[in-house]
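Labels for the chains are A, B, C and D, by order of writing; each one numbers its residues from 1.
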Amino acid sequence: MNITYNEATKALNASIEKANELNIPVSIAVVDTGGHLVAFARLDSVFGVIEFALKKARTAVMFGVNSDIMGTIVSGAEIHGYGMLNSNEGLLTIAGGVVLKNKDGNIIGAIASSGGSPEQDKEIASAGTAVLN
Amino acid sequence: MNITYNEATKALNASIEKANELNIPVSIAVVDTGGHLVAFARLDSVFGVIEFALKKARTAVMFGVNSDIMGTIVSGAEIHGYGMLNSNEGLLTIAGGVVLKNKDGNIIGAIASSGGSPEQDKEIASAGTAVLN
Amino acid sequence: MNITYNEATKALNASIEKANELNIPVSIAVVDTGGHLVAFARLDSVFGVIEFALKKARTAVMFGVNSDIMGTIVSGAEIHGYGMLNSNEGLLTIAGGVVLKNKDGNIIGAIASSGGSPEQDKEIASAGTAVLN
Amino acid sequence: MNITYNEATKALNASIEKANELNIPVSIAVVDTGGHLVAFARLDSVFGVIEFALKKARTAVMFGVNSDIMGTIVSGAEIHGYGMLNSNEGLLTIAGGVVLKNKDGNIIGAIASSGGSPEQDKEIASAGTAVLN
């Protein structure tokens, strides 16, 4: 199963609400199982974090784990992790990219936030995952 | 002046409404005056048109005219038009990319649709411009 | 639904059989709905056609139509079609890229051949589609 | 001598058998002496490891040693190792990329697995080398 626009926008809106609550100017991206964009909102963030959000979301869906889990794998590989980061047009392995699952537990895409601290971005992205379960 | 997220989402929603009315699965992108993404919706379109929408929007804001006007300029340049199309990471000069202006007539960004015919995409994108005037 | 390895290899083997029957040294690629590689066979073809096969398969799945149908659309756009070809890391709009559907008629990926004439490549790729219906 | 499709598929099948035995969803790539793809199988792995497999195989054949041997060289070069990793469109110097030799001991290509632990990937890739000796 791949995420629909309706599901993506539901997740995006939940994350936007959380970002507004925290009052942080972030960019939030939702991608499908192929890593392709489905919905996006730049909440008046600087434009440098647009690609951060896209890459975190793609990193998550590409490996089927949250971006910070992939970060732990990359860190553990020492200098060779640099080769991983250079792959797939560039991974981004900071917290804030979270896989999206349907009720059956299958991955249907990913959502990511960038612009806050890694912890805040993870909180914002995670708000988007809750509404799909 | 640059487009805010509130303005971008207002334009995007008007275009989404028009796309739903026409019942065409398109991708719609809103970019700021720097050509950077502000809001995006893939209404269950194929993923090949995501970049078409982004490039039409960027082509419009990059030259300050709608994408089809730039298309006329490119066509008129004959073989040299290919050089233009190759510039700026690739122009897309088909109808459907429309500049967004504020009430004072200043360009604040652009909106583009892809997935329908050039005429339909232009109609969908244009719906997004009306709400900002 | 996305193509499984078992389905991909079934399609690939049918196309390999057809290529051997025609006795043409081709490359054959199978991609999933996100355009990502699932199975590949270079039947002793020159290596230049590896990317041709990959791009034809991606072009098909990206727009949900066979690569030559996309070719007709691109041709009809005159000089502006060049902008389309430059998108998505480069389309290839020659015959030989064919969408793969499951029994319900949903697209689950694409298969493409390169190395023969466009007609031969299309015949080889099409052999791979028949076994999934 | 360069690997033929028949040899590549023989190696690939031996590695697939080992991967199924270990029950790990990996991607396996076989490349020729020019580093160009000959055969590929994604055994329902996540798509992020496709490029890992390709890069490990290319790293091996490009330097004529297994990817983890190149990893030792890169690690030993300290900061300069990053420059090596950045070369040739990006090396990947983790275990799992193994050179393929013919009976005379000449390198005819490489095979690589990705998706398991480095040790598992090396075991899977090595299964493919045994059948060509």
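The definition used in the following text is that a contact is a pair of C-beta atoms (placed from the backbone, for glycine too) under 8 Å apart; a residue touches a chain by one contact, two chains touch by 3 or more.
What you see is a predicted model, and the numbers here were worked out from it, not measured in a lab.
Enquirer: According to the touch definition, list the chains common to the neighbour sets of chain B and chain C.
Expert: Of all the chains present, those in contact with both chain B and chain C are A.
Enquirer: Note the shortest touch-path length, in steps, from chain B to chain D.
Expert: Each step joins two touching chains, and the minimum needed here is 2.
Enquirer: Taking each chain's centre as the mean of its Cα atoms, which chain lies farthest from chain B?
Expert: D
Enquirer: Between A-D and A-C, flag the pair that has more C-beta pairs in contact.
Expert: So, comparing the two chain pairs, more contacts are at A-D.
Enquirer: Roughly how far is chain C from chain D, going centre to centre by Cα mean, in whole Å?
Expert: Each chain reduced to its C-alpha mean, chain C and chain D end up 25 Å apart.
Enquirer: Report the inter-chain centroid distance for chain A and chain D in whole angstrom, where each centroid is the mean of the CA atoms.
Expert: Measuring from centre to centre gives 30 Å for this pair.
Enquirer: Could you please state the distance in Å, as a whole number, between where the Cα atoms of chain A are centred and where those of chain C are centred?
Expert: The answer is 31 Å.
Enquirer: Residues touching two or more other chains, restricted to chain C: which are they?
Expert: As it turns out, chain C has residues touching two or more other chains at 32, 34-36.
Enquirer: Quick check of your reading of the touch definition: is the inter-chain graph here a line, ring, star, complete or other?
Expert: Drawn as a graph, the chains match no named shape, so other.
Enquirer: Just spell out which pairs of chains touch, all of them.
Expert: Touching chain pairs, listed by label, are A-B, A-C, A-D, B-C, C-D.
Enquirer: Could you pull out which chain C residues touch chain D in their complex?
Expert: Residues 4-5, 8-9, 32, 34, 36-44, 47, 50.
Enquirer: Quick check on the complex: what are the chain D residues that touch chain A?
Expert: Going by the criterion above, the answer is residues 46-49, 51-52, 55, 71, 74-75, 81-82, 85-86, 90-94.
Enquirer: Considering the complex alone, what residue numbers of chain A touch chain C?
Expert: That would be residues 1-2, 32-36 of chain A.
Enquirer: Name, in rising order, each residue of chain C that touches chain B in their complex.
Expert: Listed in rising order, the residues are 34-35, 59, 62-64, 77-80, 82-84, 86-88.
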